[in-house]
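One chain, chain A, links the two complexes that follow: it is found with chain B in the first and with chain C in the second.
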Partner chain A sequence: MARTVTITVDGATIQTAEGSSVLDAALEAGICIPNLCHMPSVSPIGACRVCIVEVVDDGRRKMTASCTLGARDGMVVEAHSETVLRARRHIVELIVAEAPNSRAVQDLAARVGVTRSRYPMRDKHCVLCGRCVRVCDEVWQSKSLGFVGRGGDRHVALPFDKRPDLCKRCNSCVEVCPMTITPCPGPMAVPGICGLCESQTSMVENIPDTCVMCELGRGFQCARWQLRGLLAPA
Partner chain B sequence: MELSNVDTILENRGAEPFDIIEVLQDLQGLHGYLPEELLCRVSESFAVPLIEVFRLASFYRAFSLKPRGRHLVTVCLGTACHVRGAPRMLDEVVAQLDVEPGETTEDRAFTLETVNCLGACALGPIVVIDGEYHGDMSPGKLRALLGAVRDGDQAVVASV
Partner chain C sequence: MSRLVEVSDLASCREGLTRERSAWPIRVTLSGGTCGEASGSTGVLKALTTQLHKDGLAEKVHVRVTGCQGFCQEEPLLIVEPLDVLYCNVKSEDVSEIVRESLVNGRVVERLCFVDGASGRTVQRPADLPFFAKQDRELIGHNQSIDPCDIGDYIANGGYSALAHVLTSMSPEAVIEEIRASGLRGRGGGGYPTARKWEQCREASGQERYVICNADEGDPGAYMDRGLLEGNPHSILEGMMIGAYAIGSNQGYVYVRNEYPLAVAHTREAIEQAWDLGLLGERILGTDFSFDVKVARGAGAFVCGESTALMASLEGQVGEPRSKDIHTVERGYLDRPTALNNVETWANVPRIISNGSAWFAGKGTDQSKGTKIFALTGHVKNTGLVEVEMGTTLREIIFDIGGGPQNGKQIKAVQTGGPSGGCLPAALFALPVDYEALSAAGSMMGSGGMVVMDDSACMVDVARYFLKFLKDESCGKCVPCRVGTDRMLEILADFAEGRGTMEQLDTLKDLAWAVGAGSLCALGKTAPNPVLSTLRYFHDEYEAHIRDRRCPAGVCRALARYVIDPDLCADCGQCVEACPHGAILEADVYQIDQTLCEQCGLCAETCVVGAISRV
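Up next, the complex of A and B:
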C-alpha cells in the first residue's frame, strides 16, 4: 500500500499517493488545472508550462509547473491565483502564436480566457510539447524520433529525415499530437483566435477551478477528458 | 568511407553512452563532418537508437552533418566584434566566396561559418581561418588573407 500525502490545492484538501504529481492529484480530485503536454502514464517533462501553479511555503510563493512537481505532505498550492492566471494566459498567448492552426491550442486559449495574442503569429505547426517523442520512447520503446538542434532551431525530427527501422508504424506520434486533432467545423480565424467557443469560456470563468468535463477538454486532450470513458458509469 | 578507421576509433574509446561525444569528435576531426553511414555505425556499436546520436550531432556547433570545405573560415559576430565592424567582415567573405554562412563553396575549398564569441574580444573583429586567429581585421586585410589561402589551396590542388 502506497503511503498517502495530504496537499491543499486552491483551499481544497486532497489526499494522493506519495510520489504522484500535483497536477495528477488535482485532476483526480476534479480540480481543473489546464495542461497541454501532460499525458496519463507518460512521464512529465514540463514543456508547455500551461499547468503552472504557485506553491506557498511559509509565506513564500514560488511558481512552477505542477506536472513535474511531486506532492509532499502539507504542501499548499494555488492553481488559480491572480498571478497564476495572468502568467498562464501569457504562456498560452505564446503557444497560440507558435501554432494558431491547432484546434487543441484554440481550445486551450478559450479555456484560459485568451482572446488575442500580443505576439506575431509564427505558425510553426509545433509547440515542442514532446508528446510524440515521449509516446514513441516510453509507450512503444521505439525512440524513432526526437528533438533535433537547439535554441530556436530545436524541432522534432526523424534521424536524417528517414523513418528508422526502429519505427513500428504505430502512428501514435501523430495521434497524440495537439496539431492533429480534428479541427472544429467552424471557421478558424487564422491568424488569430476564433473565439467562437466563448460560451465555454464564460462557463469556465464562472467556475474556474472545477472540472465540469467541458468539451474543451477534448480539444486540448485534457488528461481527465481522456479518462472520461473510464470514469463515467456505463 | 574507411571503416577500419572507425573501428580503431571505436576500440580506443569507451563503450558507455557518454563516450559517444568523444567518438563523434574523433570522427569529425578525421572526416571534417559526420556522414550518415558513420552515425549509423556509431549507433549500432553503442547499441543506442540512431536518434540519440543524431540529436547529439545536431546539438553541438562543433559537429557538422554536411561536408565541409578544405578550409574553414569562421567570422566572430559576438557583441564586441559586432561593434568593431564584424558584419562588414562577414559581408566581405560572403562577397569573396559567394556563399552564405553555413555553406561551402562549390569547389569545396571554403566553408563559411559564424560564431557568437571566441573569448578574445580585445582582438576584435576576429576571423579564424583553419584554426588560426586573425585579430583587428579589416575588409582589406581579410581580402588579402583569403586570397593567400586560396592561392595556397590551388597550388596544393594542382600538385595532386
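Up next, the complex of A and C:
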C-alpha cells in the first residue's frame, strides 16, 4: 500500500496516495484543473499540456503537467497562478484553432476563458490526445490503434490501415474522443469559436475561469458532474 | 599482446608498445575520419601503400590512419615525422612526390603546405598552423597520435592508466569527489554537473544501474562527438568504465546515430579489442570490477538525443520523451538508475583522473571548467572542429581561429548551441564561452554547434530555418511543441512573404513564451530560442519586414524588388524579352511593374550594363 501524503493545491490541503497523480488528487478533491488528454484508469501521457501547474519548491517555480506529476509529501502546487493561466490559455487557444468543431474542445476553451483565437482556424478531425489509443490498449488490451508518424505527420491509425482481429468493436475509441462528444452541426460553418454546438462559450464573457460543466467532465471523475447526478431527482 | 590479468600487466604492456613505436624510423599520419574519407583519404592511402611497396619502403615507413584532426576543410591531412611537416588537401597524385621528396630525401614539398590566408605565409609544421595556435586541443589533439582501430596506440599514449588507478587506489566515492572538484559539467547541452548526476545515480535505490554514452548528435552541422568517437573510441570507453565503477554499474551502452557508420565500426572494434585484452569483462585487471558495453544504433531522430526518448528507444519502444518529474538517474533505462552523459563528457573523465582535478579546474572560468569542442561552420575562412579553453571569447574563435569573414564581408552574428540555441550579434563577440554567460545572452552552450553568419544573412530567415528544423524534428506528442512551432513558422512565413502585421509580432512573442513554458521536453522548451534571440537582437529586421515590406539583407524573395536605374539603362530592351511575366513596361524609360513582377531575377541576369538591381 502506498503511503498517504499531503499536498497543497491552490492553497487547499489534500491527502492522497504517494505517487498518484496530482491531477487525479485535485479532481477527486473537487478542485478542477482543466485537462484534455487525461482519462481515469488509463496511464497519463502528458500530451495536451492543458493541465499544467506550477510546482513551488523553495521559492523556485517549475511548470509541468499535473497528470504526469506524482504526488510527493509536502508538494506545493499552484494550478491557477497568473503564469499558469497565461500558458494554459495560449495552449487551449492553439488546440481550439486546430479543431474548433467539437463541443468538448469549445467547452474547454470556455472553461479557461478563451473566446477567440488569434490563429487562422484549421479543420482537423483529431487533436492527438491519444485517449482512443490508450483506452484500446489499456482497458481492452487490444492495441488496435496507435500513433504513427512524427511531428506534423503524427496521426492515429489502425495497423496497416485495416481493422485488426484484436478489435472487439467495443466502440470505446469513439466514445472517449473529444471530437465525437457532441460535434459541431456543420464543420466550419461559422468560422471561429461560435458556440453553435451549445458549448458554454457565451458563459465566459463575464466570468472567465469558472466551471462551465464541460462535456469532458461528464462521465469522467469530475466531482461536480457526480454531485449533480446525486442531487438530481431520480 | 597478451591478456592483462593484473594491474601491473598494463604497465609492462605499455612499455613494450612504446618501445615498438619508438623503433619506427619514419611515420606518416593520414587523417581518415568521415571528413577525411569524404575528401579522398581512402584513395590516398591506397596510393601510398602501393608506392611504399613499390619502393621497398613498406618496412621502414609506418603509416597510421587516424580519425578527424579538426581542420576539416583541408582534409585529407598528411603528417610526416620526424620531418614534422603537414600537407593539406592531399590527393592520390601527390603521393609519389611525397614519398620521393619527404620520405626518401627528407625535403618539404612546399606546394602541399598550408598557406595562411591572412598573412600569405606558408606553414610547414603542424604546430604552427594559425588554426591550431589559439586552441587548447586537450581532447581532439590526441586523435593525431591514435589509430582508432589499434588499442595499442591508445595504451602507448597512457590509455587505461586512469582506469587502473581508479580500480586499485580509489573508492567510488573518491572518484565522484574528484570529478566534483574538477568542476566537470555535461557537454551534451544542459551543463549539468557530472559529479552530482553520478552521485544521485549511485544513491538511487535499485540493484542494477546503467551508464550510457549519448552519441546521437542530431544537430545539423555539429560533429564534435563523431570526431571523438571515431578518432579515439577508447577514451570514451575508459571514461564510461570509470563512471560505471563510481556509480556501481556493470553494463553500459553507447547510443550512436545510425548515420555514423564509421563511429559505430570503430566503437565495436574498440570494444572487441578491449575484451580481448581483458579490459572489459569479468574481474577487470584482476579487481572486483566487471563491466561490459554494447553499441546501440539510434533511430535517426533528433529527439532521440533527449534522455528519456533515448532510453525509450534503447528499450525498443518508440523514441518519444516522457515527463521528467522523476529523473533518469532514479528511473531511467528499464526504469533503473541510469547515468547518461555526452561523448565529450565521458572523454574528459580519464584525463581528469590522470592529471588531477586541480589541473582541470585550473582551466576555464569560474563556473565552466576545462575545454570545449565546437564545430565551427558558416561564413568564416577556416572551418572545422575547434577546441578551446572555456572562457575564450567568441571573437577569438571566429576571428583568430576561424580567420574572420570570407571575401571582405562583415560578420553579423553567430548561432551557438545548435538549432535550439540562439543568435548572438557581433556586438556581443566579447562574450566568453561559458554556460552562464551564453544563457544570459539568450543562447546556450548546447552541444557545440557554431554557425557564423555575415551580412548576407537575413535574421528572420535564419530564425525560420532553425525553427523549421525543430518543427520537423518535434516528436509531435505534445501540443505546445507540435502546434506551437507550426504556428510560429506560419507567422514567420507571413513576415517573410510580406503579409505580416505588428499584432502578429506580439502574438509571436507570446506564443514563443508559451511554447517554452508549456512543452513536455527540452526540445519544445528551447524551440523558441532562435525566434526569441533574433527578436531580441535584430528587432529592426523584423520591423523592416513588417512595416516596410522590406528584407534588409535581400534574402526573402517575396519582399525583393527589382528596379531599373534609368541613368545606367542602355535602352536595349533585352529585359523586356527576358521577363516571362511581362512585367517590364516600355514607356519613356523602362520600368518594372511591381504588381506583375514575380521576383525571378531573370531581367537582372540579362541586363548587360547592370542597370537592374535587387533592392
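Everything below uses one rule, namely that the second predicted complex is superposed on the first by the 184 of 234 C-alpha atoms of A that agree within 3 Å, B and C clash if a C-alpha of one lies under 4 Å from a C-alpha of the other, contacts with A are read in each partner's own complex, and residues count from 1 in each chain.
Just so we're on the same page, a contact is a pair of C-beta atoms (placed from the backbone, for glycine too) under 8 Å apart; a residue touches a chain by one contact, two chains touch by 3 or more.
This structure is a prediction, so every number in the text was calculated from the model and none was measured.
Look at A:48: by the touch rule set out above, it reaches chain C but stays clear of chain B.
Touch criterion met: A:69 reaches chain C, while chain B stays clear of it. Touch criterion met: A:159 reaches chain B, while chain C stays clear of it. Legend: residue contacts after superposition of the two complexes on their common chain; A:150 is shown touching both chain B and chain C. Between chain B and chain C, C touches the greater number of residues of chain A. Overlap of the chain B and chain C interfaces on chain A: residues 147, 149-150.
Considering their complex, residues 45-50, 52, 63-65, 68-70, 83, 86-88, 90-91, 94-95, 97-98, 118-120, 127-128, 147, 149-154 of chain A touch chain C. By the touch criterion given at the top, residues 36, 39, 49-55, 58-59 of chain B touch chain A in their complex.
Taken in their complex, chain C has these residues touching chain A: 301, 303, 318, 322-323, 325-326, 471-480, 482-484, 486-487, 490, 503, 507, 510-511, 513-514, 517-520. Contact residues on chain A toward chain B in their complex (touch as defined above): 142-150, 158-160, 164, 166.
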